[in-house]
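What follows is a pair of complexes built around subunit A, which joins subunit B in one and subunit C in the other.
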Partner chain A sequence: MKRLPLAISLPTLIQILIWGLIVGCIYVLLASGLNLIFGVMKVVNFAHGEFMIMGGYVSYWVSILEGLNPYLSIFVSMIIVGAVGILTERICFHQVLGTSKLNELILSLGLIYVLQNAMSVLWTDYPVLIDSPFKNIIVEFGIVRMRLDWLIVIGITVLVMAGFYILIRKTKIGRAMRATSQNRVAAMLMGINVERINMFSFGLGTALAATAGTLLAITTSITPYAGEIPALKAFTIIILGGLGSPLGAVVGGLAYGLVESCAVTILGGTWRDAVGFAILILVLIVRPTGLFGEKEK
Partner chain B sequence: MKKRTQLILAIAIIAIIAVSIVAYYYLIVPPRRTIKIGLVASLTGSAADVGTDMERAAILAVEEINAAGGVYVREYNSKLKIELIVGDDKTSPADGATVVTKLITEDNVDVLVGGFSSAVTLASQVPAIDHNVPFVITGASSSLVTRRTDKNTSYMFHYCTITDDYSETIVRFLNHTVKPIVAPNRNLSLAILYQNTAYGQGCYQSTINFINDLGLNITIVDAETFGMGDTDFHTQLLKIKDAKPDAVYHAGFTKDTSDAIKQGIADVGLNTLYIAVECCEEPQFYEFLGIYGDHQILESKFGPQAESYLDAVDTYKTTYIERWGVIPGMMGADTYDAIYLIAQAIENAGTLDKAKIRDEIESIEMPQMLIMMKDGIIRFDENHEIDPLCFIEQMIWDGTTLKPYIVYPDELKQRDFELPPDYEPGGP
Partner chain C sequence: MKILTDLRTNVRKPRFYFLILVLIVLLFIPFFQTSLYVIHVLILMFFFISYSSSWNLLAYSGQVSFGHAAFLGIGAYATTLFTIQTSLSFLGILMGALVSALVGFLIGLTCVRLREWFLALVTFGFSIIMIALTIEFNWITGGTLGLVVPKLFPTISQYQYYFHYYYVMLALAIFLVFVFYFIIKSKIGLAFAAIRENELEAKATGIDVVKYRLLAFTISAFFTGLTGAFYAHFIGYINHQIYDPSNSFWPIIITVIGGLATIEGPVIGSVLRFFILEFLRMIEPWVRTIGPGMITIYPKVQLLLFGVILVAVIILMPKGISPWLRKYLMLKR
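Then we have the complex of A and B:
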């Protein structure tokens, strides 16, 4: 009674792949933020997904209360969530940094529940979908049909990642972040205030997560508890792409989105989360440093 | 002397009577206590909206019963008040099992009620089974909760429609009402998008079974799955669209169902007839869906948002709104009925002995309350399941809100079924 999984038409297949790219864009933003935090601070932040969800809620709040275009509300969301990120770094991670990896892990796991419950109190448990002003606009390219919002998601991801690249590569603070990432002690000896770099990196990482959260709330929906699995996927992506590699996070994120869509198409929705982790295991066996990672010297 | 003897005799009689009364109350009649009912509900997590409704309904029922004096228990020779102890299963199987263990071992509840989500309840019922505590399950749809073979489910009762009830009502409606309009000369094409849990699989399997058993001219053209808590259904909906269905049966919860319908219409352009199941009969579902729910279908057994169809429902709705300020939901109605059912069973048993309460629940016969029964009587069959009367509502957008009307079966019908305005029929 069930059809063969690949018995689908070409336009549908293309649309499925495009959807995979859009999901991949959200993963790119989420994983890039996580990668930055890990790269600079060497901290494993399992609560990164909660910052993403917080970003979605802040954008929802701002767009409802102030009537701001949800795409413009991304800026407000980045600032607010980035500030919460800096506070979290100061109050929590700064205190345990360098003590033990277990402390950092337990702290980030505890943060998941604190943030989830805080969001539940603030915004209730009900799912939130941000209404885009372009929600009824459909664009067609030959045989392919998609929402204008999907194109905007791709555009925003490109813009944010370009800005992120310029910040990291072309600015003084970006150089300081890279230096801290490469050798923390040497960076300190060269006069870089690594504590300030930690703060900035955590804030920037969570601001990138906030962007991902807003785009997620526009394309699907969010609840306070929807951040855990995406955070795990973001970890998979940065391991897949190579820990600390910005290019790896981009390629890994897009690849993950595509693989996930293909897995749902071929194997069914149940495999959405499992297939990515299966690939991770495979990559770790074949190339433990990830696709773009370098061997530790 | 005679007078003195009489006096001694009178004092002796009074003393004997007094001692007997004291002995009766202190030795034979156990000390007065409350009836402890443990409510298992998802107060946090993905099903928190449903859990909150169950809690509110249970509180309402308990307040009503206590306001009338309580439940007469022969063993105590008095009316006992009900004490409701609420446990949050956090919409998680592990937390469900933990909270039920706590309700039984620490709070010493006499009976359990509630439980939402088959996946959660299949785990949370285990401590109740192990401790022989009667559990009236009001929010899990998989028949496994009373039919599982790995555990003795004799203390489990299912006061809730099961997936068989949903699917039978839906396929009968499709065959009776939709097929003549959409596919009079061919088989009706149906796609199923189901949650990959015992509940969703039950919906899927029972749909196939009823189509075959009833010999209906319905073909399942695609069946897709999703995980519990998923919010992205684009890929599955694109595949479903490619299969050209006449209708899509979504077997999920409030949030995933509303997400899927919105994504199907707005993003994928799948302009078809969507059928949701009664778990979605929550005020939030109508809010989430908004205009996207226009002319879509909801299988139900309790319609507080529909036009008046049962006096008991109207009264409950009014009381609930007065008490909580919101419209009641589906699982709360089951729970409300179940509290009354438990109270009746305890009164019939005349004791708080769990085995005797179980026996009385098993043999209970009382008039239907909020959930309509096919013969108007609440009773459990050999599988400890009820025989509810389900119906089909069509949601109509009036410009500001979404309002349901019963369109099937004919005896409850409030208006005729209409296809959605942008409906595109599928193919063979």
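Then we have the complex of A and C:
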């Protein structure tokens, strides 16, 4: 057995928490997008992580080829990946919508294979790191030391989530999306074009994933296969945070990032992926419908 | 004895003779085909038939597991550890299956009350947890270095070993297909099908849904563990990579392409996988002439193709190839 680091100094603890926060930000973006898609379309898309990685690669491409600042290339990436998302919704998910959950699951499994290997063909398997222009700048607040990039990542997440909130709460299309997620038939009867709402939500969800992917590629690095497990973790987050609850995705994402960061420090890197699923299984043993899940028939 | 009469009526059908013919061909392949590669690929095909059939048994009761590699790996590890300790290989194989069934029962206790995609998530998560456990308890499992599995027939050469193993895996595949046949023709299978089609109606008819789903989970884990035990003896070496998600996804791809919740689905899917991979291997020299980068790209293109096939099958023919094949080969009842 390896020795457990029982005594953690205060600066180390702060570093762990900050890293947890950064990872948490990426999970927040990923889980919010998934939550939106699940809320509106009731579709389970396990291939969401592949859209995240695609966002990272598109940003990488744009920032290398056009010399654009990687943080600005997020917008390009959001548009391109959102378009790919809409296309995927039209070609694939639209066809199986409402048949059975198993079809959706297996379809998203097929999409995982398609997207992963397509990205691998396009961008090879080598890990890719987006070179940030601020990578050598370190900011200090007292004992807290962090890279400027990390601050920007947190800032961008806050901005994007604020924009997302305004879009959902204050605009007409946001209201239509909320109506569709509450009651599809009633929304249709009220004159909402439900199919267009489906397309828009899927595009928006994948665009959020693209943001997450760019931030992931800036903070750590990405490979074509890195998206599979984060997507399933994001599902864990929205089950634990309450299906269809936007606040649950945010709080759950941050909490999950912190828990994962602590678990990696205490138990070691092999438990990075396992700890969240262990929590999920424990929670589902006690409550089979999820932590805040409503009782369904 | 409804099953036996059912079998007897099937004997007169042309598809029965077709089946016998295929079996005879399979039995005599090693005598004519002495290439080790072909035998190896065929053994893997039998492995995938057994593995997918075990997975399909669970899918037959309406539960789609995304982490069956966990049971495969548990069966493999249990049989290896038991065989290393006691050097009783055949008892070890049974032990692998039993341990896997026990774990399947325990995980099933959680899973049977869950909705489809919760269940997919939990089973997938379980296979990820197994990776961490295997690396963590490295004084038992060998960690990332893995374990060398004792051979099932220790005294013969590697060359002969393949030929012996060909018949072992063939027997296993036939056995599991027949197990699947007998289960779905029995009362238990009827209950599974009822639960799959409509859980609420099944409950109203007086079927104990939780009990039957748990039974499906345990049986499926048992046979997956059995397959895993034989697989471990075949490849001769196991490590944590046996729990890899791709190992969990292959039976899904195979069964869905072949036909979900049918007897012939896993068989058709595995044979098709075998032919597609062989075809792609055949055109590989031609593909390499396109450009130097093709050597690294080509394996990805193969998996990409399987992804596209899976998506196309789900969208265009959700029941898989099997109904289509039944219609055109006149093998329908």
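Methods note: the second predicted complex is superposed on the first by the 280 of 297 C-alpha atoms of A that agree within 3 Å, B and C clash if a C-alpha of one lies under 4 Å from a C-alpha of the other, contacts with A are read in each partner's own complex, and residues count from 1 in each chain.
Rule of thumb we're sticking to: a residue touches a chain if its C-beta (ideal position, glycine included) is under 8 Å from a C-beta of that chain, and two chains touch if they have at least 3 such contacts.
Treat the numbers as computed from the prediction; the structure is a model and nothing was measured.
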| item | value |
| --- | --- |
| Three-chain arrangement built on subunit A, subunit B and subunit C clash or fit | clash |
| First, second, both or neither for A:L167, with subunit B first and subunit C second | neither |
| First, second, both or neither for A:I143, with subunit B first and subunit C second | neither |
| Touching partner for A:I106 - first (subunit B), second (subunit C), both, neither | second |
| Chain touching more of subunit A, residue-wise (subunit B, subunit C) | C |
| Touching partner for A:S120 - first (subunit B), second (subunit C), both, neither | both |
| Touching partner for A:D273 - first (subunit B), second (subunit C), both, neither | both |
| Touched partner set for A:S221, first subunit B, second subunit C, both or neither | first |
| Clashing subunit C stretch [against subunit B; choices 148-156, 184-192 or 274-282] | 148-156 |
| Common interface positions of subunit A, toward subunit B and toward subunit C | 117, 120, 125, 229, 268, 270, 273 |
| Partner subunit A, residues of subunit B touching it in the complex | 44-46, 48-49, 196, 208, 220-227, 229-236, 238-239, 241-243, 255, 258-259, 262-263, 266-267, 269, 284, 288 |
| Touching residues on subunit A, where the partner in the complex is subunit C | 44, 46, 92, 95-96, 99, 101-107, 109-118, 120-121, 124-125, 228-229, 232, 235-236, 239, 267-268, 270-271, 273-274, 276-278, 280-281, 284-285, 288, 290, 296-297 |
| Subunit A-touching residues of subunit C, taken from the complex the two chains share | 62, 64, 66, 109-110, 113-118, 120-122, 124-126, 128-129, 131-133, 135-136, 200, 245, 249, 252-253, 256, 260, 296-297, 300-301, 303-304, 306-311, 314-315, 318 |
| Interface residues, subunit A side, partner subunit B - complex | 1-3, 8-9, 12, 15-16, 19-20, 23, 117, 120, 125-127, 129, 135-136, 138, 145-147, 150, 219-223, 225-226, 229, 261, 264-265, 268-270, 272-273 |
